[in-house]
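When the chains are written out, they are named A, B, C and D in that same order, and each has its own residue count from 1.
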């Protein structure tokens, strides 16, 4: 996975746990939000924007919107690969798109989108471009126009 | 809550549990999908379409899409009231819209939408109108055009 | 449910949610810790020791030990009734025992035990009897010797 | 990690997810049961007794007892290493003990124990030694007497 500017970001791979299944014998749909979060934080971490570092700077990035499109169900033991990309960035907000594949294949299992605000530790909106221009700059380098 | 045809459906009230919070001191965003499911099954149950009854008939209703709009965060001990309505129904699919309020007030905390397929126990698409006309009829009575 | 001193405490009743099941078609065993927490906080709340009130006073009560004995499995839609009792109390620690019944029956489904420390907001051990004698006194009134 | 008989089993390493924290800023105590399950299935898998294989044979291994001893709290981003050992085995039941360390160190964070029955797909007790002597034999090779 790579942005146009040549920053190489690895996709996120993980195995489905037993306790994530429900009695329909597939992963319960609420777990996808968690997988997306794992992949998003993993991506940020690779950019030097790990959660701990952002928290230290006082930047919180809560979820404003979540959109899940369940294409194929997944089951215990499956290995999934999540590829998040940033598709929009403004000084106060950013949006990611995700594709989940069966790992090592191009079998698309799920697509999703999340939008996030930049807020301070008191949940007040923050202008990231003004408050942390270097963080904004980093994020802007991985935006993939759709 | 009521449909145009006069079927009275109660909204769904529940208290936020401690273990549903995260270190941001608010409910983790993945839990909303679970609250929506609780409210949806509660609504179906009131219509005589409880999960056990549908399962007996061989009707499974998996989630195809989930859309969450996080307006205000909620915290441990909060009491929420969820009002689901059916906004679209076809023989193979239906769509619900949800509003979550602070219980007993008109303070809107969250809106959401889910779409579902009708499938049989082997996950094959089902034409509900043909296979179970009486269930389809019941659902069609609570559709609220938007 | 009542202690020897005549304090009446209601047991805790709740319905099993769909998303708490796993592919074995029963409640996943990790959820019981959550049900016990719900019942414990519900009991404390009835004694005027709600989580928010304790937090205001700076009293945190983390779990030190958890013991679960899975007698009978429970499934989606089951209604359970949890009866917690305090079986040990010292100035620095207390222990609860729980019985989970099928609601409205004497069918025992699960027994459990949890031990807790009293700590301050910085997780330092607290002598509850010295720091908050009135809270200690309240708790001591519901101890049921085993 | 190894048994006396020289079977080499790798310990299980995993990173703590954000959504596993609670508002006390640490991992919620109910998650440990899930980590233990991950480690247990990982161990079984290494022995050629993966869940899918056991299920194919009709062997289900539900949890009878769970004991958690919370020594030190863990937080988002921590890397833990879980070392399960089988401490008891009978034809109808087996018991494991677990130690959780901060990965790459000998800092002990948590100890635990689980007991399990062997049952068939209808949850009827099974004599594993009689029904599947080769599975029983495999398990008996990794028992570590305490």
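One rule holds for everything that comes next: contacts are C-beta pairs under 8 Å (C-beta built on N, C-alpha and C of every residue); 3 or more make two chains touch, one makes a residue touch a chain.
Keep in mind that what you see is a predicted model, and the values were worked out from it rather than measured.
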- Between B-C and C-D, flag the pair that has more C-beta pairs in contact. C-D
- Going by C-alpha centroids, which chain is farthest from chain C? Tell me that one. A
- Message: For chain B versus chain D, what separation do you get between their C-alpha means, in angstrom?
- Response: 36
- Which integer distance in Å separates the CA centroid of chain B from that of chain C? 30
- Message: Can you work out the whole-Å distance between the CA centroids of chain C and chain D?
- Response: 26
- Junction residues of chain B, two or more chains touched: 18-19, 30, 34, 37, 76
- Message: Looking at the complex, which residues from chain A come into contact with chain D?
- Response: 17-19, 34, 37-38, 41, 50-52, 76-77
- Flag every residue of chain C that touches chain D in the complex, lowest number first. 24, 29-31, 33-34, 37, 60, 62-70, 73, 123
- Note on the structure: Note: in the complex, chain A contacts chain C through residues 18-19, 21-23, 25-26, 28, 30, 75-76
